[in-house]
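Several structures are given next for inspection.
In what comes next, subunit A is part of two complexes: it sits with subunit B in the first one and with subunit C in the second one.
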Partner chain A sequence: MTKYDELTEFLLRLGDSALIHAQRLCEWTGRAPALEEEMGMMNVGLDLVGQARNWYEYAAERINDGTDADTLAFRRDERAFRNLLLVEQPNGDFAVTMTKQFFYDAWQFHLLTMLKDAGDERIAAIATKSLKEVTYHLRRSSQWVERLGDGTEESHQRMEKAIDTVWRFTFELVEKSDAELVLSESGNIPALSELPEQWLATVNNVFAKATLTVPDEPSAFYLSARTGMHSEHLGMLLAEMQFLQRAYPDASW
Partner chain B sequence: MYAQQVETGTKAIKSLAEMGPEERAFQEKIDAEIKIEAKNWMPDNYRKTLIRQISQHAHSEIVGMLPEGNWVTRAPTLKRKLQLMAKIQDEAGHGLYLYSAMETLGADRDEEIEKLHSGRAKYSSIFNYPTLNWADMGAVGWLVDGAAIVNQVPLQRTSYGPYSRAMIRVCKEESFHQRQGYEILLHMMRHGIQAQKDMVQDAINRLWWPSLMMFGPSDAESPNSAQSMAWKIKRHTNDELRQRFIDQTIPQLELLGCSVPDPDLKWNEERGHYDFGEIQWKEFYEVLKGNGPCNRERLETRRNAIQDGAWVREAAVAHANKKQKQQAAA
Partner chain C sequence: MPAGELIATDQQGRSGGEADIQYAYSVLEEVMDPEVPVVSVMDLGIVRDISWADGHLFVVVTPTYSGCPATEYIETSIRDALQNAGFSHPKVAQRLDPAWTTDWINEQGRNRLKAYGIAPPVGSSSKRSLLSGITPVECPNCGSEDTEQLSEFGSTACKSLYRCKFCLEPFDYFKCI
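Here is the complex of A and B:
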């Protein structure tokens, strides 16, 4: 179910992942384990909504049919969303939230590091700006994974359980895609062939410090963000997030 | 705001002649507008009153995130989502530095939070009302932050230095929130469809009276005000501030093209102020007692957050200790 060209699909993958992850962070409002973490999570969430808006604006210009960033965010159905399966998963406890955050940050960090040298100047510019933010995100989540993994008996167990819960969705962070190959061959983006190894190296490195075990390589199965084959969680998330735009399509906010 | 009915523990205000030398020196400093700092001598009741007031204020910032959390996942556009997230983040920040200001008085953040959770400490009554449509996010910014500012602008000159400095920063950010809240409403009224205009009026109808209650009981029912004013913790009475808020808000209301649910509200040429109707004090005291529409939910959410996060904080401490030992051994 791909509707747009490879480049637009790629932009949506980046924008949707950032927005859906931020939406999950918003669910933590007033519920974080400490005030400092209320601020930390909102801070990361703010960066990600800002990044989503940048990717969407570029995507909307390419689609060029009157679509804007808000219609992309609030008027598409779940089958049209291209976000990673990982980020739509429920928050669970702080261990699940932080594990998702870390896997996503590591992926963003290496991907954006490559994209800042993209042939497409617009992508390069957004990636350069985003990378500054994501460098901080990854530092924060790596530290938390280390603290929780190598903290108390309970926190260690919770982390092992959290990894078990979300690891199966990480196949998307290490898969190679033909569409991205096309984009790199046409010079829009650099080759992303080393992304899987780099992501895994970061996970290995942080997990070693955290005394956590890296599971076997996950394999793809049925679901795939690239074709909008999501878990059931995304639909409910969108129903909440898109409520006002759907209920009052003629309104201006 | 954010602090209502703060106990001062005194029945009558002492004159300078009745004070011992330390207390007299303290009061003379206050009268001369010299700030009291953490290390200075201060009467026990001054310290306790400040701890009560600042902690109440800090708790209000934190509980105040919850009604906004109810809508941040449903904000209608990316811009509005970013604005609301930034506001929530600011409030967590206000909570943090208010707790820090409170700790300069020798109070402990965890102990004060425990008092909140067990119902022994208060927070602003306004946050016990539900947020029922998107316009509430505008109305909370405009009216609730607006009322808070009217209260807090004089607190920038409050006699205790760390509190005064915290207020200067808080006020800057809150006037920004207030303008943003008003702009949400103005946009809905000027560019919105009828359903949106109805949301705005509905939000104002529900939040108007609770906003006026934020200033606390009327002066006649406010036995602690006189002492707080003598100590210059407070600078104006509740009724003065309430009047100031109404006077500055009604022209903004008219610009919106909305009304408030008060048939007695009208300009009094002779007084140079708006007259307004009687506040439902019974409702105010019920909400303070814990019987407001959302008191239970708000406190339960906060209690759960701290309880559910206990293992996280323990892990952080355990890890920091391990690190320290490793460094010591190396």
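Here is the complex of A and C:
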């Protein structure tokens, strides 16, 4: 399925995940439970759109056929997207949104911490910059998970339900990848072998404080972001996100 | 380089030396942030370098937040200001590494933020201060340290929302990153 080399695919995995997660956050505009949280979600989304753009610009330079960041965001079909299955899942209630946010933040936090020392200088620079923002995101989502998990009986139940809803998609956050092994052997990125353990340690730590139960290790199933086999939700998300550029190509403000 | 640019370099009629660079810096002291119009791009520390490259003034800018919508506006403002000051074809380039930090905001910028009603970043940025977030923030209105955070985010990504428990005024705090 893959069209590009491992490094470009890896950049798309990072960029697509940030963009799709940001798009989901934007869906909360005008609907968030509190004005402060709406601003919080929009600002996190804004950081992620900026990060996606940085990854896309690098990917576009590598693809080098006239593709730019906008083409990657707005002119690719579902099967070409490499975002994590987790981030394309519907927002559900605030508990589901925060659970997704926390799982994704923890994954980004540990991944970017490793990529700060990447042999590829461009990756190291983008990771260093993004990590500052993601550290703040993780702080916020961890606090929310604790507050809701260790809150009222209802908030606790909703969190348990939210975890049940999205946990199965987290297998992608803890899977080992041959492509990434190739990239670390060639010196582009550091070895990511400890990423799964570190991610799980953060989840364990925060869930313990939140009085939430960590489910058993998730197992892989037939969907996979690496091959563009997405859940049905991504297509609908793209239909909305890409509408303007598809209907009116090259429209600008 | 297109032929036209060869003719219209920024050195035309100028020495193209150190004095011009100092002049360019002074021009940028007057280019204000669009969101917080009391601090200049020099105060914020986002102008990292000004030099001469192939007869053009070459300005290196490090953006604050990855998604900051003001980034492009600021780059355009810098270019416009330099053109108005007589540098006909200044080049503005982005540099991501090292990443921008609030530690680069100068003393004048901090004082200006405070006078504008925005609490300047407290202490220096470090991973620990980002993760814990436990630092007393002084109210820019009355100076009390008896303040509390209302929200992790304020009106823009670079700020969070606080309230002073002494004078009861809400205020923005420029986050430390």
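Some observations on this one:
We take it that the second predicted complex is superposed on the first by the 249 of 253 C-alpha atoms of A that agree within 3 Å, B and C clash if a C-alpha of one lies under 4 Å from a C-alpha of the other, contacts with A are read in each partner's own complex, and residues count from 1 in each chain.
To be clear about the criterion, a contact is a pair of C-beta atoms (placed from the backbone, for glycine too) under 8 Å apart; a residue touches a chain by one contact, two chains touch by 3 or more.
Please read all numbers here as calculations on a predicted model, not as lab measurements.
In the superposition on chain A, A:168 makes contact with neither subunit B nor subunit C. In the superposition on chain A, contact of A:75 is made with neither subunit B nor subunit C. Residue contacts after overlaying the shared chain place A:152 against subunit B, while subunit C stays out of touching range. In the superposition on chain A, contact of A:93 is made with subunit B only, not with subunit C.
In the overlay built on the shared chain, the residue A:47 is in contact with subunit C alone; subunit B does not reach it.
After overlaying the two complexes on the shared chain, residue contacts for A:39 are found with subunit B and with subunit C alike. By the touch criterion stated above, A:233 is placed in contact with neither subunit B nor subunit C.
The residues of subunit A shared by its contacts with subunit B and with subunit C are 36-37, 39, 43, 45-46, 49-50, 53.
Across the complex, subunit C is touched by residues 36-37, 39-40, 43-51, 53-54, 121, 124-126, 128-130, 132-133, 135-136, 138-140 of subunit A.
Within the complex formed with subunit A, the subunit C residues making contact are 65-69, 96-101, 125, 127, 130-131, 133, 150-157, 161, 175, 177. In the complex of the two chains, the subunit A residues touching subunit B come out as 19, 23, 26-27, 29-39, 42-43, 45-46, 49-50, 52-53, 56, 69-70, 73-74, 93-94, 146-148, 150-152, 154-155, 158, 240-241, 243-245, 248, 250-253.
Within the complex formed with subunit A, the residues of subunit B that make contact are 62-63, 65-66, 68-69, 72-78, 80-82, 85-86, 88-89, 92-93, 95-96, 99, 134, 187-188, 191-193, 195-196, 301-302, 304-306, 308-316, 318-320, 322.
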